[in-house]
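Here the structure comes first, spelled out in structure tokens, and everything after it is commentary.
Per-chain residue numbering starts at 1, and chain names A, B and C are given in the order in which the chains are listed.
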Amino acid sequence: MNFRLNYRTFYVILLSLLLMVSIIAFSTFALIPKGKEYRSLRLENKKEQAVIDTAHEDHDLTEEKLKKLEEKNKDTIKAYRTVFNPEKFMRLNRTQLQDLFLTEIHLTDQNKSFKVYEVNATTKITSPEVFYQFLEKVNHSGWIIGVHFPVHFERDKDLIRLSFTMKVHHVSEGKEEK
Amino acid sequence: MKYSFIVPRTKRIIGSDMRLALFFFGVNIAMMSAAYLFLEYKTTIFKEKHALYATDIKQLDTSTRMLEEKIVTIEAEIKKHEQISTDNTVMAESIHNIFDLAPDSITLMRAELEEKSLILYGISPNKDTYNFMLEAPLKSIFHRTYTSFYPIENGWYHFVSTNYLDDENSTEVVE
Amino acid sequence: MLERLFKKIFVAIISGKDGYDIQSVVVKNKKTLHKEFCHFEGDVPSAVMIRYINDVIDPSPFFYISTLNVHANQGAYDGCSKPSDHLQNQDTVGIQTLCRDEKWTQYAAHDALYQLRSHYSTVGLDFIFSPFSMIEYYFADKIKSSFALYAFGMPELFSIAIFDGEKLEYAHHYARGSSKSVNIDKEVSAMELTSPLLEEENTEGTILLDDIGDLEDLDLLDDFGEIANLDDLEEVDEFSEDVLTLEEKRQERDRNTGVVKDELDASSEEYERFGFIKKTLERFYASAHCHNRFIETVCIADTSSGGDELKRYLEEELFLNVLIRKVDVREGINALAQAEVEGL
């Protein structure tokens, strides 16, 4: 049997073989490795994304918690960041504490977190009840004030002369900047 | 045409069979190239994300840590404030309780309250009144109590009551 | 541009009564690489012939198969106007024309072209050329500069064109079997039966007094070239014993008819061609295109061997200068095809 192959058919077969070899080579050396790389990167990315999502969630929860805390305790937080104003303090307590006089404001660093102003106060009150009310009121004064010993009461005719020490707590600048 | 009555047939370099083969191969190659380009693009994206991952996670951790530190700080502030408020309240109550100890018959002239000591100056009609009405409760509160009486003209007594609270490990101070 | 990378294959097919003659030429960048001749028997393209042609054209996508239009209904005329202006006695609806350089037109019947394409439908046709294109191709050098009669002859086909410079003066196509063809036997018998007055004879060199319409046409009397000085009576051809009178010519013709008839058996084709040329000249001289010009030269492109007899007839009978070129029509067709492709 004579098999006659004309030029056109020969070229078509040759071209087809060439293209087929190219396609197989491309698949083997480029496409399949790229597919494998894609798959492994995708899996890795998925895991990383899960980690990032978890971290985001934690961050969001923490942020939420902080917000709530700040919201709930905004007065306290504000009080810590308010610089003590002796004039204002005297003005606010003038009605209960007569002749209120604040002296010797010292700045002492008790620890790294807070600055503490020590204030000596002398005043005249009508009865110890006034002092008790003052102590109650000072907790909501807009500063963080702790009344400390020594507390001296002394009868002075109809009034009671009172002296006590106050420590005003303030968040230090360095801590704030941090 | 210059010489011929008819025009020649269209001559194509690529015959119809070749064109069909090229078309199918072309489609195949186009699809494979598109797949490769897609994979390349996605791989690049994944690599970029991976490079950013470390930074992102670090940033998130840092941010979360900062928030937590802030929370700790605020909680400490709140706790301190609560402590201070409690101390103020306790001080008020303590002073209130101490002044409530003195009966009506005894007049307190002066009180010096320290952290661990209390000095009362007052007037009592007699020693027994003081001893029974004021000293007894003082003794129940303080570790050491010392009293001095000074008679006054009207037969009453000035008294100075010195009371100390000792630490557990401290030795007693004898006046 | 890519075409330059490929070879070009030109195949010329000529059909005759004994089959098909094929020439294939392979050309690349105007250089002939290969030439091949082949002959196939049959009235229709055989399977062997088709396979041969397919094998020949296979190496390149740029192949051109050409043939010659041998049908009777074709011709040429001067100018490029509509055929109806020139072909009064014909139906011009089915005519396809091709204007040549805005100077003259060759025409062919649609039916003939369709028949040719159908005939070669198994291999396909790219070009169909006219015999008048062959005349122009073979005598391109002479047509430009001279006034002559040009002819192209193949078995059963004879095309004649008269060119003056590049202007086509007259053309006629003779094909065996057409109504226009001149049968030499009829011609001979016509000469026997007609009266001398009606006889068409060679009037070249003579003055017909009937042509002188009025005194203004006395210019015709200037053509006294053949009449010499009366003093030299011996030299006056009219009275020369060598020049035969009309009656004598007839008598001689009667004598020669028998001789001619004998020669017909040996060279009927050549004599037939002689008759075609003679007929054409007569028609030309009788037409308005003549303008008192006389053709002195005849150039013939002949595909067959021989031609000496025709040359002798033309030289002796019609006193013409004759040039006969032996040509291979297949070469000519492939050359025209190559020129056509270059012009594409």
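In the analysis below, contacts are C-beta pairs under 8 Å (C-beta built on N, C-alpha and C of every residue); 3 or more make two chains touch, one makes a residue touch a chain.
A quick note: this is a predicted structure, and the numbers were derived from the prediction, not measured.
Between B-C and A-B, more C-beta contact pairs are found at A-B.
When every chain is represented by the mean of its C-alpha atoms, the one lying closest to the mean of all protein C-alpha atoms is A. A separation of 112 Å divides the Cα centre of subunit A from that of subunit C. Chain centres here are Cα means. That of subunit B falls 120 Å from that of subunit C. Note: centroid distance subunit A to subunit B, computed from Cα atoms, is 9 Å. With touch defined as above, residues shared between interfaces to two or more other chains in subunit A number as follows: 8.
Counting partners per residue, subunit B has 15 as the residues that reach two or more other chains. Those residues of subunit C that touch subunit A in the shared complex are 54-55, 58-59. Contact residues of subunit C toward subunit B in the complex are 2-3, 6, 61-64, 66, 69, 96, 98, 100, 108, 113, 117, 124-130, 133, 336-337, 339-341, 343-344.
Contact residues of subunit A toward subunit C in the complex are 6-8. Taken in their complex, subunit B has these residues touching subunit C: 1-6, 8-9, 11-15. Subunit A meets subunit B in the complex at residues 8-9, 11-12, 15-16, 19-20, 22-23, 26-27, 30-31, 34-35, 37-38, 41-42, 44-45, 48-49, 51-52, 55-56, 58-59, 62-63, 65-66, 69-70, 73, 76-77, 79-80, 113-114, 128, 131-132, 135-136, 138-139, 144-155, 169, 171, 175.
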